[in-house]
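Shared between the two complexes below is chain A, which pairs with chain B and chain C, respectively.
Here is the complex of A and B:
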């Protein structure tokens, strides 16, 4: 795929993105309750004129189309409004929570790949064998086990019974490495702070394992069926007829052909996770986007919730796009 | 006497299935001599491809070679460990397939695929075939040399602008070019035996002729022995020295080309020849063979062809015919083809 085709595909995203903003905007104005009243709920000594002044300040008195336009212009400028509760720009709130979610996403995806790709390939190559059956049962367990339950079981075992891993937060208070990227693992390596590296790795272990294993289930099944389809192809027989060993055939000729569906699933998983996983982040008190959303819903902090929905949708759309691009890189035959 | 390069004796390749044992190849014997082309013909499903795959040791699961011998340059391949078979594949024996588009890896550049096949056996290549005398060259050097050799090979099989074609993906080439690439890969290590499974069926007629011509030139230059599997008697009569006819997993007749075309002895061979239209001969009546091939897991006890044979009698339905020599290099497995005076039931060695 060349640059023009990628650009073309990217332009196709514009209507999708506009649609998302429209829905988010509509949600903002369909939810019952006046945001300004929510903002000052429970505070005494706020007059009706004060509220009106705030509405004007926030542009909430303008006609809806103009408000939508301002909303779009705000997004383009990176202005997502003010948090009603924290009284700071929503953008800053999101940015402060983003690194935690990115770190968790990366670790979870890594774990899921380490489990899923070898397991899926082995299951396909040794179809109907014990390996395959163990894999199938494992995947079934993984898919049907709710994340919160798996998280709690891991907490019970590693945190409570054996007491070998921390069960909440990103790092003990006061141990944070100097901020460079906001990703503790990266920052601690960059600043040579090995104590912080160890601590954040240990904190990351259980939430990443929870998300990683539950995602591994689906990824493994997709890898298995991708591989199964590939190993009956003529080019696999031909590769063996050339004199390659079974392992070489799988690694050199099988994997790249088999992995296209896996890549798509993984990219979509990343898209989902980057928006923040509310359940796992809550169970492990992980200070990421998902937990921010949960907190904001409790506090009726609508601008934050809506901005988070927007981010969620955007990352999903973007990852979908990247999956398509990667797909064509893996398959020279595919054209848009 | 000339030794055959490849000798197959009583080969049996069976597939255990839920409905019974499918005897895809059941007691096939033949020999392939140096520089010779042996055509293998027969209807779809009669076990031609499985015979070739058995020789390569690539029978797909759950299929298995359950009996017989395959001697390649005197060495029996049946029961050989996979590791040793692997060294022979692509090296002493190579195979090409019907559809070059599905046989080349779609996501790998053509050049890389040729280079790969050269490098697999690189040690054997630089040491002249016995694989022991010289150490492997450094990786980088061997890669560059293999690349140059690949370009030369593509040129040899008649691909124009080979250096540029090396960078193409299979789908970017025409069918004929792809088949040439596959032949280049198969020939990269000068195999003694080339198993060609319907190499021209997927191509149109003019390209077919070019590919056959290419194979013929290769054969003349290197003395490669070719087992050519095909449906097409046109291809057979152009290209083969001898022909073997298969039916329902068995070999039923074999003869030198002219002998088989002019004096077919098995009713099935006669039926096959009658069922091809002849170009320019309006008086020839095309007569398709009645009926269908019996299911391979439920063959009748006697001659496998008895359900369709116009000459079949009770004896045919009960006793399996053995091979009888009916001429020089010509044998047939049919009770009705036994010349008068020869005692029936006395098989001769082929």
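Here is the complex of A and C:
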């Protein structure tokens, strides 16, 4: 895919992105009562005039199209409004939670690849064997298992029963490494703080395993079918005929070509994982974006919910786009 | 459409859905389906869950909402301190977990069934229209589909539930909102493929109306794809319902739902592992059963759909 095609594909995203902002905006206006009422709910001594003044300040008295325009302008400026509960800019709130979610997502993807790629390749190479059947059943179980339940089962086993891993949070209070990137694992390595590294790795284990397992199912299926397709190609048969061993053929010729669908799925999954994170972050009290959204829903902090939904959708759109681009780059035969 | 039109190829007439042909298709399907042991097992599980949900008042040994403070946190029957009075133990209010699981099947099945029912009707209609007419209407519908697909599933549902408030109707709305996209895309693809086939051209040649062609000629031929997709998506919707109920945004207490049972079990994870474990297993088994059934239906009805 050349630059012009990529650009063309990117331009196609514009109506989609606008549509997304429109839906997110509409979401906010479905709220029962307006944000100002929510903000001062239960506070005494606030007069109707005060409320009116706040409405004007926030622009809530303007006609809807103008409010939408202001909302778009705000997004472009990076202004996502104020949190009603925390009384600070939503953007800062989201940014402060971002590193935790990124760290968890990265770890989960790593785990899913460690499980799924070897399993998928083995299943394809030994098609219809016991290995393949175990893989198929495992993948089916993975798709059918609710991730919140898997998380709790892991907590019950590793946390409660054997007591070998922490079951909530990112790191014990007061042990946080000096902030460089906000990713505790990276920061603790950079500052040489090995105690913090160990602690955050241990905290990361269960949530990442939960997310990684539920993601591995799909990745494994895709790797398997990608590998199956490649295995029967002429060049593989040729390599075998040349006298290369089975493993060698698979590793040297098959894997590289078979993995392009896997790469695509991983890119897509990064987007999906952000959605799945809400559940898993809630289960493990992981202080990331997902947990922030759930907390904000409980607190009726609508601007935060709105902004987070927007961020999720934009990440998802971007990852879909990257997946498309990657797929065509890796498979030059595919054309839009 | 009159069958005596000379221009019509006899092969085309054979493709029409007569009573005899429907019967033939069903027995054909059944012959293939019952050979697939996994699919039959899935069907049995699904039937059992439906059975449990429908007959809950007669099957459940106890009232699912009846609290008994002298009987709190009773472990499952096979553990020390358990009784066969409460085979899977009791919760923090002394309610019988087995009875709550049996009743909880109702919430999952109701949400799964209603959401997929609505979504299928809307999605099939949109997909037929979109694929059949093409042009601007198609472009508009497909843009909408693209936009809805830009939201991770749970994010949109959680956002909507957060704004609209919890409850059955809101949950159905929040899930249908995006779910119709799946049947829509499937049907549209099938319609595009069917549109230029002989039987459609023949119907058009003899002057059949668009509505007739869509509903009577094309729809019966894409129905098997719709059934397969709807079945597989029920599994997904049940998982979503459980997730929303787990977060406290779905089915509200005291109505038993598997997701919210797991959520309350989470609070007592140190003292009563069974509270979270068994409802979660119920979700797992149900969803697994539906997936097996759906994949079996796919293989027996329409092997092309296999990924």
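The criterion applied here is as follows: the second predicted complex is superposed on the first by the 331 of 336 C-alpha atoms of A that agree within 3 Å, B and C clash if a C-alpha of one lies under 4 Å from a C-alpha of the other, contacts with A are read in each partner's own complex, and residues count from 1 in each chain.
The rule is simple: a residue touches a chain if its C-beta (ideal position, glycine included) is under 8 Å from a C-beta of that chain, and two chains touch if they have at least 3 such contacts.
Only a predicted model underlies this, so the values are computations on that prediction, with no experimental measurement involved.
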item	value
Joint occupancy of chain A by chain B and chain C, clash or fit	fit
Partner chain(s) touched by A:134 [first = chain B, second = chain C, both, neither]	neither
Contacts of A:164 with chain B and chain C, given as first, second, both or neither	neither
First, second, both or neither for A:148, with chain B first and chain C second	second
Partner chain in contact with A:27 - chain B first, chain C second, else both or neither	second
Contacts of A:257 with chain B and chain C, given as first, second, both or neither	first
Touched partner set for A:7, first chain B, second chain C, both or neither	neither
First, second, both or neither for A:239, with chain B first and chain C second	first
Per-residue touch tally on chain A - higher for chain B or for chain C	C
For chain A as apex, the angle formed with chain B and chain C - C-alpha centres, to the nearest 10 degrees	80
Touched partner set for A:297, first chain B, second chain C, both or neither	second
Chain C versus chain B - closest C-alpha approach in the superposed model, Å	15
Shared contact residues on chain A - chain B and chain C	none
Touching residues on chain A, where the partner in the complex is chain C	15-17, 19-20, 23-24, 27-28, 30-32, 140-141, 143-149, 152-153, 155-156, 160, 221, 225, 271-272, 274-276, 278-279, 282-283, 293-294, 296-298, 302, 305-306, 309, 312-313, 316-317, 320
Complex interface listing, chain B residues touching chain A	53, 56, 58, 60, 82-83, 86-91, 94-95, 97, 99, 102-108, 116-117, 120-121, 169, 171, 182, 185
Chain A-touching residues of chain C, taken from the complex the two chains share	143-144, 146-148, 150-156, 158-165, 235, 239, 242-243, 246-249, 259, 262-263, 265-266, 269-270, 273, 276-277, 280, 283-284, 287-288, 291-292, 307
Footprint of chain B on chain A - complex, ascending	232-235, 237-246, 252-253, 256-257, 330-333
